[in-house]
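Worksheet for the structure shown next.
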Amino acid sequence: MRFLRALGRLWLVPVVLVAWEVATRAAEDVFFPPPTTIVARMHEMWFSGPAERLWLTDAALENIPTSVGRLFVGWLLASVIGIVLGVMLGRSALLSRFIDPLIQFGRAIPPPALLPLFLALFSIGAQMQIVTITSGIIWPILLNAGDGARHVDRQHLETSTVFGLSRSQRLFWVILPSAMPKIFAGLRLSLSLALILMVISELVGSVNGIGFQLLDAQRSYDLPGVWGTIVVLGVLGYLLNSAFLVAERRVLSWHRGANRTT
Amino acid sequence: MLEISNLTHVYGSGPGAHHALGGVDLKVAQGELVCIVGPSGCGKSTLLRSIAGLLHPTGGTVTLGGKPVERTPDDLAVVFQDYSRSLFPWMSVGDNVALPLRRKGMDRPRRREAATEALEQVGLAGAEGKYPWQLSGGMQQRVSIARALAYRPALMLMDEPFGSVDAQTREDLEDLTLRVRSHHDMTILLITHDIDESVYVGDRVVVLSKAPATVVGDLRVDLPGPRDQITTRENPEFVHLRAEVGRLVRGMRDDPGAAS
Amino acid sequence: MLEISNLTHVYGSGPGAHHALGGVDLKVAQGELVCIVGPSGCGKSTLLRSIAGLLHPTGGTVTLGGKPVERTPDDLAVVFQDYSRSLFPWMSVGDNVALPLRRKGMDRPRRREAATEALEQVGLAGAEGKYPWQLSGGMQQRVSIARALAYRPALMLMDEPFGSVDAQTREDLEDLTLRVRSHHDMTILLITHDIDESVYVGDRVVVLSKAPATVVGDLRVDLPGPRDQITTRENPEFVHLRAEVGRLVRGMRDDPGAAS
Amino acid sequence: MTGRSLFDNRLLCGAIGVAGLFCLAELAGRTGLIDPIVFPLASSVVGRAVGLAADVDFLADVASTLGAWAVGLLLTVLIAVPVGFLLGTLPWVETSLRPVLEFLRPIPSVALIPLALLLFSDRFDMKVAVIVYAAWWPVLINTMYGLKDVDPLAKETLRSFGFGPMAVLWRVSLPSTAPFIATGVRLAAAIALILAISAELLAGGSSGIGTFILEAGSSPDALEYTVAATIWAGAIGVISNSLFTLAERRLFHWHLARTEGAR
Amino acid sequence: GSEPADTAQASGGGGLEKAEITIGALPIPDSAALYIANKRGFFKEEGLTVNIETVQGGAQAQQSLMGGSLDATQTNYVSTFLAVSAGNKLKIVADLYQATPNSFNIMVPKDSPIKTPADLKGKKIAVNSKRNIGTLSVTSVLKAHGLTEQDVTFLEFPFPDMAGKLQQGVVDAAWMTEPHLTAVQKNIGAQKLADTMTGPTADFPIAGVVVTEEFLAKHPKTVAAFQRGLAKAQQISASDRKAVEEILPTYTKIDAATAAVITLGSFPTSLDETRLQRVSDLMVEQGYLKSAIPAKTILPDSNG
């Protein structure tokens, strides 16, 4: 039953796919191959391996897990640092006065422009890529956490002051939960940004990963390959987002309940 | 225990400034229950927030146990007038009540037990698992009372704590407050609009004038204890005091000149 | 005018479900002022929200002027129990009061004038330019009353509207409500915890049992009008009715069996 | 007391913070922690960045980038806020569109810009399209999350006075979501700037900060030029953010009044 | 500027189908003739206004060509052949740049143990773009020393970053061109390991100007005018190094002093089918192309 309902939510997908197929076939543009061609190319690239390896090819096994691994590490790092720093900045006016310009500065810098710096600071490979991902996606979390922590309902803060809650109790039981809706908005944004940054981090000096494959396909004018990589990114994004929403629903159940109207 | 002298507070500045407190003087002894009455908007909540250290008054001093109040004093509990916004919607009712008890160094089962007991006392047995937004207004108010009572503070500040419950529950809560107070030697400041209530539960009734608020009456309630909803209210002294307080409150309203 | 029959409402489902209304029957005639009293958490606000079309009851029907209520009926005003949350913090008090008047097709100056007048009536002259969060609790409550009164609805629902103001202001507001009602032929449903108040302002007093709520008493108040705070309250009929209502409310509490 | 008032000065504190970072970076370069060949010295970069202020061509580049940025950001808000409201208020629309939206969200600019090049014959349009595509997500998501945060009682109040759903949206949901949206717009502003520069970098053109960096690529001092231009991007970010913050403070003073306080 | 300004619109001289075109160019020495032609008014003489826009690389520029934001673009021949093999309909209308000795070298750090290209086995080599001239020419050097492409790892870095990467040891060698070649020798004392433009890649064609087949078919006169204007400038570039040195600082960030010392390629003055065919053949040999593309098919039919 739940499965059927989940399927029902996907009704738009086949519609879009068919429309896409029809439109691209009509256009006959080499740059816009029809989905069937893309899928065939994807199959060839990633899913034509031996059965005992779930049909995954060497390319799939080499590139997808490494990329996704780096993505997760980068995202988790960004979440932790972003929430900690954001809450600190949100709660301490003094600190934010000192650091805020730096943050606004860092936020506006194109991640590719930071690559040389990271290349200088970190050894090439996973470390540098994770730093690139983290530094690129931390901003939505940082900003949302900062705003969330800054704008806690005054009455809630006063209540915790009055009952003498310690700083950490106040943080964990009052400030964080109340900033949670905003923090989750930031986390959700940064999750798909992480996919984008993953690709960017693999553009320079890398030897594997989904972004590397995208670049490789672009370099060899393998347009179905380019599209196939984009599709993989999109599907990954959808899956990650769905998992994220499940987690969010659990953590923010109070929020939905408290703000429900008929 | 608590000494307030010449407390003044002005909200805002310039032409739009509002003089809420116009020099309040008040002394409360250890273990006393003082009721504060006064017209709506006169500055009662402002006074209470100054005592709780939530607001820096623009003038005068508040000292608690000899020390000036600059930040929120230890061992204090407040029942806010806006009770619904003072409960945390992300916690169950039980957790809301148990949260402050962490400060008391209680372990988890003891906190739970204390919360359950306090909720039972205010007539909310079995509501621990619900969330505040699943409760009616009066129930939320009782949760915030339970939270303050379970905390067993040395000083308790209550801002119209029984305003949203039915008459019978209100009487029960009044008696509960009196009981808890005498058991645990609390000092209580209670703001109320119900003149009967102020005389019934208070050792003293302090009447504030309209803004800028000053103390215009400070009546000692000499009723025999333990008090009882029926006999106490029939006591001629009760009837006399209540009329007296009523007259003071009304007087303040009709003759603003008396306030300054 | 208003007809409620066998109204039931269950919050949630499964084992945690809460039966709030257990079959409420009530008829209110055009121009009547009906007071509803009942223990805290029994379902008064739930009943009111069903009438306002803000909640779809799980059973029974509400009809207003012969038509079943499915969405919010026209020409209705509500004073919510949680008044502070029902005021919009981004608007000044004047704008808060004037906003619903847009529905009445009034132009800007007339809306303003009506808002100023309503605020004056509730004792808040000169507060138009302030923001709700600059007001005391009682003042906020009066703003939300002013908003409802200025709207001059055909049906007014008031959920403990006078709970946060001092005794004198409360009496003034009671009289104001009575006055406005008779001037504009409103039908009013008023939830209160103050038994005296219910008898004083009501044409009828309806007593609800504890949850799941049903009507356990429906008393007609036959007091001579126009009512007056002093003489009416001294009327023996008043004293009798108030004792009667008190007994009903208390009875419901002690004997839960009576509720079902 | 004087120390306190010194620290109350936002500008001064910010300047101290920036100066601190500058010193750190310079030190890292001087001590050899970061080889100046690998990443140029802070002082030479800042010198170069200051020098650019006198370069008329570069200023024209900045103006051109800012033009696309402003138009892109404006369009972003105009599109994302209404769509956010649509998705936030009609759950079935949201659940239907979600797979498609979530599929589109992680498409990187490096894949997107080549496609945009194919679709737009005008470079300015192309830039704006790319900006809108990337920058509208934070506004959209923050709008949707902000809508979930609206006090239901506020909505019910308006409904009880007989206002329709559109009025509730306009008079309650919008104002109370506005601070949430504002955060999204501030996020989008930086993303829009990044995308404007990236589009210029990848697609080229006749003017723009990205084109400047592209041209600098041929110089032996390419790194220094690139970092100097990046500093300009950062500075634009700081200035635009300050303007947004200022505007927020004016518009949402009610929000601050209810939430600031007890520290 | 890309409005399909239609055919018989006689504006300026000679009734060109389109009197104003936009061309993409990279800020590198290869495109010097374009700027010279523009500066000295050679295009104007033909009644043609040419707007030159900076582009990042051949691939994106070809996409801009398809999208219509560019009418013509500079691109390197490897990219062109790859694009054509992928089904793009392109025509090369002018030759721009050709390799000379020491214009594209493999560099190694100062004290590198790598002494000959044969030592590159198992090493990392930086190139600016994979599957392009860099990898193609390096591979041909490797082949000459008994290695294959699989014996090394190519890493992509922008030219300006390569000095740092060599210094840090992130890569063991880097394939570079001017002005970075000169700079890397001066700054970190890097050494030349091999010239990649020798043997099979000697005098290798590097870059030219392409348009879409459709553009050529619709605007033959415009293209011819463009070719005539460019040819004059190409002639100057080929014979007068000073002219190139003067123009370089105006469109790149190469200063005059650097321009004077760098090694430049040569500027061929005609489009030559056999020379272009070498690119295709080498690409087939190294597997960049599945089958040979006759150079004739991407040259305009009538060399006007």
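A, B, C, D and E label the chains in the order they appear, each numbered from 1.
Keep in mind that, in the parts below, contacts are C-beta pairs under 8 Å (C-beta built on N, C-alpha and C of every residue); 3 or more make two chains touch, one makes a residue touch a chain.
The shown structure was predicted, so the numbers you read here are calculated from the model rather than taken from an experiment.
Shared contacts of chain D and chain E, meaning chains that touch the two of them, come down to A.
The interface with the greater number of C-beta contacts, when A-D is set against C-D, is A-D. One inter-chain figure worth recording: chain B and chain D are separated by 48 Å, centre to centre, where each centre is the mean of the chain's CA atoms. With centres set at the average Cα position, the gap from chain B to chain E is 83 Å.
In chain A, 31, 116, 119-120, 153, 158, 161, 203, 215, 218, 255, 258, 261 are the positions where the chain touches two or more neighbouring chains simultaneously. Across the assembly, chain C contributes residues 54, 82, 85, 134 that each touch 2 or more other chains. With touch defined as above, residues shared between interfaces to two or more other chains in chain E number as follows: 59, 63, 66, 158, 161, 164-165, 168. On the chain E side of its complex with chain D, the touching residues are 2, 24, 26-28, 51-56, 59-61, 63-64, 66-69, 158-161, 163-165, 167-168, 179-180, 182-183, 187-188, 251-255, 258.
Of all the residues in chain B, the ones that touch chain A in their complex are 49, 52-54, 72, 74-78, 80, 82, 85-86, 88-91, 99-100, 102-103, 131-134, 147, 151. Per the touch definition, chain E reaches chain A in the complex via residues 59, 63, 66, 82-83, 85-88, 126, 129-132, 153, 155-158, 161, 164-165, 168, 170-171, 288.
Across the complex, chain D meets chain E through its residues 35, 37-39, 113-114, 116-123, 126, 201-206, 211, 214-223, 225-226. Those residues of chain A that touch chain E in the complex are listed here as 30-31, 116, 119-120, 123-124, 203-207, 215-216, 218-223.
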